[in-house]
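The letters A, B, C and D name the chains in turn, as written, and every chain counts its residues from 1.
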Amino acid sequence: MPSELRMIPLLPLLSAAYLILFGRRHSRESVHRIACLAVGAAFLVSADVFFFWFPILYQSNGLTDLVGTWLASGDLQVDLALRMDALSGLMCLMVTFVGTLIHIYSTGYLAHEQDYARFFAYLNLFCGAMLLLVLGDSLPVMFVGWEGVGLCSYLLIGFWYGEAANASAGKKAFITNRVGDLGFLIGMFLLFRAVGTLDIPVLVDTARAGSPSLTAALWWGQPVAFWAALFLFMGAVGKSAQIPLYVWLPDAMAGPTPVSALIHAATMVTAGVYMVARLGALYLLAPVALAIVAGVGALTALFAAVIALGQNDFKKVLAYSTISQLGFMFVGVGTGNFAGGIFHLFTHAFFKAGLFLCAGSVMHAMAGSGDITRMGGLAQKLPFTTWVFRVCWLAICGVPIFSGFFSKDAIVAGAFATEVFGPRLHWVGPTLGAGLLVAALGTAFYMSRLYCLVFTGECRADLDTRAHLHESPFAMVGPLLVLGLGALLAGVMGLPPALSRSHGDLIGRWLATALGRQPEVSRALQWRVMATSALIALAGIGLAWRFFGGGVREPARRFTAAWPHFTAAVRGKFFIDEIYDWLVVRPLRGLSRVFFLVVDRILIDKLLVGGWTVLVDTAGRLLRLVQVGDVQRYLAIFAIGLAALVYVMARPVAPSEVKVRIEGRSATVDLTEGKAAVDKLEYGFDFDGDGREDRVGAAANANWLYPRPGHYQLRIRIKDPRWNTSRTIARTIDIP
Amino acid sequence: MPTYAYILVSLALFFVGAAGVLLRRNVLIVLMSVEMQLAAGTLALLSFSRALGDQKGHVFAFFVMALAAAEAAVGLAIVVSVFRTRRTASLDEVNGLKG
Amino acid sequence: MTDLTLTLLVPLLGAILVMVAPWGERTSRPIGIVAALVSLGQSLFIVRDFDKSIGAFQMAVDRPWVPSLGIRFHLGVDGISLWLVLLTTLMVFLTLLSPQAMGLHKTRSREFTVAILVLEAGMLGTFLAVDLFAFYVFWELMLIPMYFIIGIWGGERRLYAAIKFVIFTLVGSLLMLAAILYLYAQVHAVTGQWTFDYATWATITLPRGPELLCFLAFTLAFMIKVPLVPLHTWLPDAHVEAPTGGSVILAAVLLKFGAYGFLRFALPFFPLAAQQTAPIIAWLAVAGIIFGALMAWVQDDVKKLVAYSSVSHLGFVVLGILVLSQKGIQGGIFQMLAHGISTGGLFLAVGILYDRRHTRRLSDFGGLWKPMPVFGACFLVMVLASAGLPGLCGFVGEFLVLLGTFTAGKDWQASGLAAPMFAHPALLAGLAAFAVILAAVYLLTTYQRVMFGPLDKPENRDPQVRDLGLRERLVFAVLVLTALVMGMAPQPILDRTAASVQELTANYRFRLAEARANPIGPARRVVAGKPSARPASAPAGTARPF
Amino acid sequence: MTIAAAQIVALSPLLMITGVGCLALLLDTMAKGRAPALWLAQLGCVAALLAVANQWMGSGSSQPIWSGMLIVDRMALFLDGVLIIAALATLLVAAPFMREHEFEHGEHYALVLFATAGGMTVVHATHLLSLLIGIETMSLAAYLLVASWRRQPAGAEGALKYLLLGAFAAGFLVYGTALVYGTTGGEMSYAGIAARAARAADNPLFIMGAYFLLTGMLFKIAAVPFHMWAPDAYEGAPTPVTGLMASGIKVAAVGGLVRLLGSAFANPGLALGHAGWVRVLGGIAFATMTWGNLAALRQENVKRMLAYSSIAHAGYLMIGLVALGQKVDGAQPALLVYLAAYAATTLGVFTVVAWVGRRDDERLLIRDWAGMARTRPAVALAMTVLLLSLAGVPPTGGFFGKFYVFRAAMQSPDLAWLVVAAVLNSLVSVYYYLRIVVAMYFRDPVRPWQPFPSVGMAIVLFVTVVVVLALGVVPRPVVELAAGGLVTHW
């Protein structure tokens, strides 16, 4: 087995470590040379492995590189193992390829940055973590990468830490992701409890075999597989920014643009989709979970598309677009069409990265501003950027020939054709497909709006900015062109059988072993979907042109005037952040404060601890008062104490337990406590409460036969004949 | 007289002495009351000794008398010392140490 | 073989040397550092010589101490204490090395060094003691130096904090002393010999009532140390007022004794009582995990925040131990070590901040990455380790504990535990897992408010606010490296704890089954494999005839 | 009654102390200055100590002396040793103290020896008469010692209170003797009482007599409610004398109680049951330690605080006495070890208290001790060790003594509650002991410290600290010595 697999994540990681430790001693050139080389080398290694072993890869479970045991305890055994199969190989290639391009791009984009080495270190670290996520052979290892990319995302969003908002955005991203990670963890626990391992291939095999350990009902009648799938999906929701955890992604745009392109468009955010596809067999066992995945995806696709309509920040629009496109992917994987989801993931990586890099290029030109209301007519000033943008724009709109067209159609068609939901939920697929078509219309509209407002018409920027407009350096434009090319051509990988006249699409065939059976889409359906979506794309573009062609036009203004509340709500992103703040953050913080002040400070510290202190202290003060200094008081206490002592001493002690045994009408009383008597005492037993002692003598036990049942008062007098002192105990007895 | 009568007398003497110690304010009288308690003990010892026909009680009584004398001597010395510093022999006023 | 006595003696000798050294204040710290280094080296030798296939105590030192009372100077190390010993020596060394150890005080470093070294001896002794008397002596030996450290070099309310620390600790440990004495008498009653030998004690089953009381006494002592909610309020005060070095030792090592003692003594000695009260303790642990995190979130004082985070983190340890499975206990032990490193690091970081800025209020910081990037990086690693980021030390323990708790029901069944420890383990694990989110919330908020944002406060621009010096770098390098290694390659640590944990859980299962099978009964001896009580060998000590 | 040479040799320590006391008194009237009397007294102590050692080595078995008036056994010798060392320490500390405060009287030294001789008589006594003689010799000497600082009004006041209450207690002692004597049919020796106790226990007068006797003894160890004299007398007395009272006199009284309870009143009919002293002393033990500790909490005067602390320790000691009544294993050696550790600790503590005061600056308030750790680190450290020993924190003798006593009590399930109460009490005690530590270590000096150079005090302090630590770290020798006292005939 090829042990160079471990080199793939290791190269960027080592470079990251080196740059963190020594990066500041190096010049910019050597820094970015090291960083780019590391990722580039990782790309080459993965390409080498991928293509060299390709025949085996796509027919088998793939290649494993076992580094060692990571952690083992009891029945838990987690190996640090990497696995490359067709799916992870593809992802690996994509990550390293796009990663390399974006590294190169960054050398231009951040040419004037102070903290150059830190940036590249983080970027390398990210690539390493992402590759670990992709290649990890078991869920915990995947989780290391999963959280690792979250960390890098946090670091890179907050890269310009001087602005409090950037740091907050990073924090928000991390914490929101953590919410999802909680689900991931619980999902892992569920799987481990059911299957006894966390190795992905074993899990997948178990799921494919339909093992009863996974299909047994767990809670509310749903099988283990459902709950595990659902909790894992919670992780995916966090990482891939789906409803309800998408809120971090728009804020994440605070990071440098290459970061947005790499992490928040092409790679990290798609990890959720990748994970679901990877564990597809598990999801297939739980159609309801699949339906939830697909439903959340479709809902997110629509919702984010709507919000994107009203955004005026270049990157925010792209961010919502990403959320929406991720929704598409989830519909893909959620309808059992894993290959379709992955295909869209793949094409999306190209065109969305391209779009982001264009955004970076534009903002580079606009002195960092991303406000599209201040742009316009940039096509002339930024020719290369514009061209790449056009390609990517058309791709995302789903215009035929461009890659997005094919991948989106694969998802929509798959949704219409899917049968994974079974007879009771068969309506889900077509409904979602229809929903996606609406989302596609929205996509075409808001992307075209973006294009129109940025590149067409008059430039609305101020003079100063306008004077500085320039095309970006080659380091930035080069990667752009490559990505544009990818956006144009990547569709080839998944040409539908209707066009390619083959059995199934290329990517589907590659991934067949890794992902299992895919929904069969009839050619007729393929044609129908292609036609519809092409029309929708064109309609969206046309509508957008009517509203925004060459700047904001009359219809757009009229629309705003007619629907002021709706427009405000869309602009305000439906105030989801504020709602979360009021519903979750503030109550929780308030609760914490209450706990701290009331429970900790007052209840425990003041009452529980302070109470004892006060008690003891008061006792101390009181005892001091007794010591008045007058010797005769002392003598009195001496005498009274002695008298009290004699009084106490001379009195018999009540036995600690009075055993009364009742058998029928006979009651037996026993005061001996199982010990030999020391004192010579006399006992008088009055069983019936008539004041007369029924039994008298030295015996500490006595019995009595009651004439009739009833409620009796038992009195026992214990007497010390020496002192003629006695003590009486009373009990009540019920004689049945 | 039977022995218990002596014992009763001695008990009475003892408690009278105790009451004197507790109630009188003059140090000298208090000291005398203490002596009275010791005397009560001596009386009890002697009566027991006589009743039992045993000599130990008598011997003990001598020691108690010696003890009473020694206590009186030391006590008076201390009273003088107190009087020198405080100019009083009343227990009411000897309460500088307290708390 | 490594001599464990020497391990104890080195810090003590160091302390004496520092005390009597005629050169005064200036040399005391270097001497202390050397002593700490030597004992660190020794504990590394212990790790090297440790045989991971043995579950019982190794490298035992067993000499008579007071033979007529059955007191022996009996030391030994097993998988449970092995790494804690290393953690102790490491953290003490780093504390002495750190220039901020005494907080803002610059004087009386001789006394400080002595206190730390005596404390180290106490801590090592407590971990190594196999004889209960020795254990108690060392346990109490830790108290006074820490009291001095808080009281002399502490902050404004140091007197309050110091006495609170002492009183809280003593409430538990004195009741534990009573319980130890009771057990001691019972052991004598059962076996006919006076002994404090751990192995013998772990075979004695008490009658139910006394067992519960003794268990509560032991557990109170340990849970105050942990600390378990609601016994935790001494901790924030102690931490806030203690100087940096004190906080580091307190967090990194002292708190571990609670969990360690619980695992080592409370569980094996009182199997049934432990099982009966486990639901309460487990819920309290989870409450601690969550409320500790929540309360950490609303603190403005960084130290207090980290202190509350300790409450949260150590809840995991207790939970893991209570699960009584290999995963849970190993996870708990690992979590102890990880918490020692990460929280120790956090306190050091706070100490450095305090040194630079003379404040610990979050609102006074901001944008410190700019003047202190190296510090920022180290601080970040500690924050992330504490937040349980996979790949750093904090994750492994939390993961194992949560996984162990979640799957506990199955493990109990599979291992043949006579009765479940508590109901709904999965629910508890699920609740505890919320700390994963909350930890990120409060830690990252803290980090952001300290390091990120604009550098807008003039005090923060002062040249006084400088990056790490050489010694500080060294300290942090060790911590960061340890955190990374522990996170990436936890297996060497887990390997060496496995056998002992296995033995402990097996013994526990056996004793629990026995105790449940004989619900009423006098104190008795239960030896695995040998149901009848072993005849007492010649009594170790009776009075010499005169 | 024959007086054989062997008996005189056996009793040589007691005789030496008594004789040297008399000689010192004479010498002081004849010689110039106080030094000769002091040296003589110290030499006498050393010689007596050697005699004790000689006796220990010499004979294994116990020896009744003078027809059973006294006994020489290991326990008595052990306590003799403790008492003599306490006397020696007191002499060493008292001399410089008196010189500093200008009230050096030669008879003071003799009185220390007389008090010690009285105490030794008490621990040797096996007869009510010798007990009375011992107690009163000890007490009379103590009254005078308390009053010896004549310029100090507090001294006379403390002495007066001590005397009056002591005389009152002596009355009970005598009357109790009479009652016991009468009801046992003429028995005064412990063995005789023990032989008759089973029958006499039915007689309330006998029980009253026994309790009167106990009251007289409990007064000496300052048990609640007979403790009221202690704070005032301790505060009023010159500090070295306070040290002697807290150590020597308490040791002697406890020794006497061990003998009385362990032999004369050991009969289960007398010890157990509702009128038995086990129950009563258990209650008193609880009251004593609780009262002492609580009242000590708020004291500002170090000596007064230590007085209350000493009351609390009487409570702990009584747990051992109660255990003795339950016939458990090792109660007596436990008490002996506790006494040794306690005596060493107390002597050390009062040495420090004596050391800090100057002629015009007594420094008796806790706040006066502020910052001592800065200027006198060694003394502060020593004081800390001693206070921790009082509080019962390991590794000190105080801890080991407590442990040993509690171990004895724990063997009886009836006494477990006392141990728990004692343990909680020591928690309270830690608070006030630490107040002194707080002042010494955590506070800044209020006014300059002037050293008080005294070799004697330094020696005493050093030795006591070493002994206290040794008792905590290597208690084995003392445990074995104390266990030697086990094998005795009553």
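What we mean here is this: contacts are C-beta pairs under 8 Å (C-beta built on N, C-alpha and C of every residue); 3 or more make two chains touch, one makes a residue touch a chain.
Just so it is clear, the structure is predicted and the values come from calculations on it, not from any experiment.
J.: Which of the two pairs, A-D or B-D, is linked by more C-beta contacts?
T.: If we tally the C-beta pairs in contact for A-D and B-D, the bigger total goes to B-D.
J.: Between chain A and chain D, tell me the centre distance in angstrom, where each centre is the average of that chain's C-alpha atoms.
T.: Here chain A and chain D have centroids separated by 71 Å.
J.: If you average the CA atoms of chain B and of chain D, how far apart do the two points sit, in angstrom?
T.: Centre-to-centre distance between chain B and chain D: 25 Å.
J.: Taking the mean of the CA coordinates per chain, how far is chain A from chain B in Å?
T.: Chain centroid spacing, chain A to chain B, equals 89 Å.
J.: Averaged over CA atoms, how far is the centre of chain B from the centre of chain C? Could you give it in whole Å?
T.: Result: the chain centres lie 63 Å from each other.
J.: Can you tell me which residues of chain C touch two or more of the remaining chains?
T.: none
J.: Two-or-more-chain contact residues of chain D, please, as numbers and ranges.
T.: Expected reply: 160-161, 164, 168, 231-232, 299.
J.: Could you tell me which residues belong to chain B and also touch two or more other chains?
T.: Residues 18, 21, 30, 94-99 of chain B each touch two or more of the other chains.
J.: Go through the chains and record each pair that touches.
T.: So the chains that touch one another pair up as A-B, A-C, A-D, B-D, C-D.
J.: Over in the complex, which chain C residues touch chain D? Could you list them?
T.: Residues 64-69, 111, 133, 136-137, 140-141, 143-144, 147-148, 151-152, 158-159, 162-163, 166-167, 170-171, 174-175, 177-178, 181-182, 184-185, 188-189, 543-546 of chain C touch chain D in their complex.
J.: Inside the complex, what are the residues of chain A that reach chain B?
T.: Interface residues on the chain A side: 624, 627-632, 635-636, 639.
J.: Quick check: in the complex, which residue numbers of chain A touch chain D?
T.: So the residues of chain A touching chain D come out as 616-617, 619-621, 623-624, 626-627, 629, 631, 633-635, 637-638, 640-642, 644-646, 648-653, 678-680, 720, 722-723.
J.: Chain D touches which residues of chain B in the complex?
T.: Residues 3, 7, 10, 14, 17-18, 21, 27, 30-31, 34, 37-38, 40-42, 44-45, 47-49, 51-54, 56-57, 59-60, 63-64, 67, 70-71, 74-75, 77-79, 81-82, 84-86, 94-99.
J.: If you look only at chain B, which of its residues touch chain A in the complex?
T.: 18, 21-23, 25, 30, 91-92, 94-99
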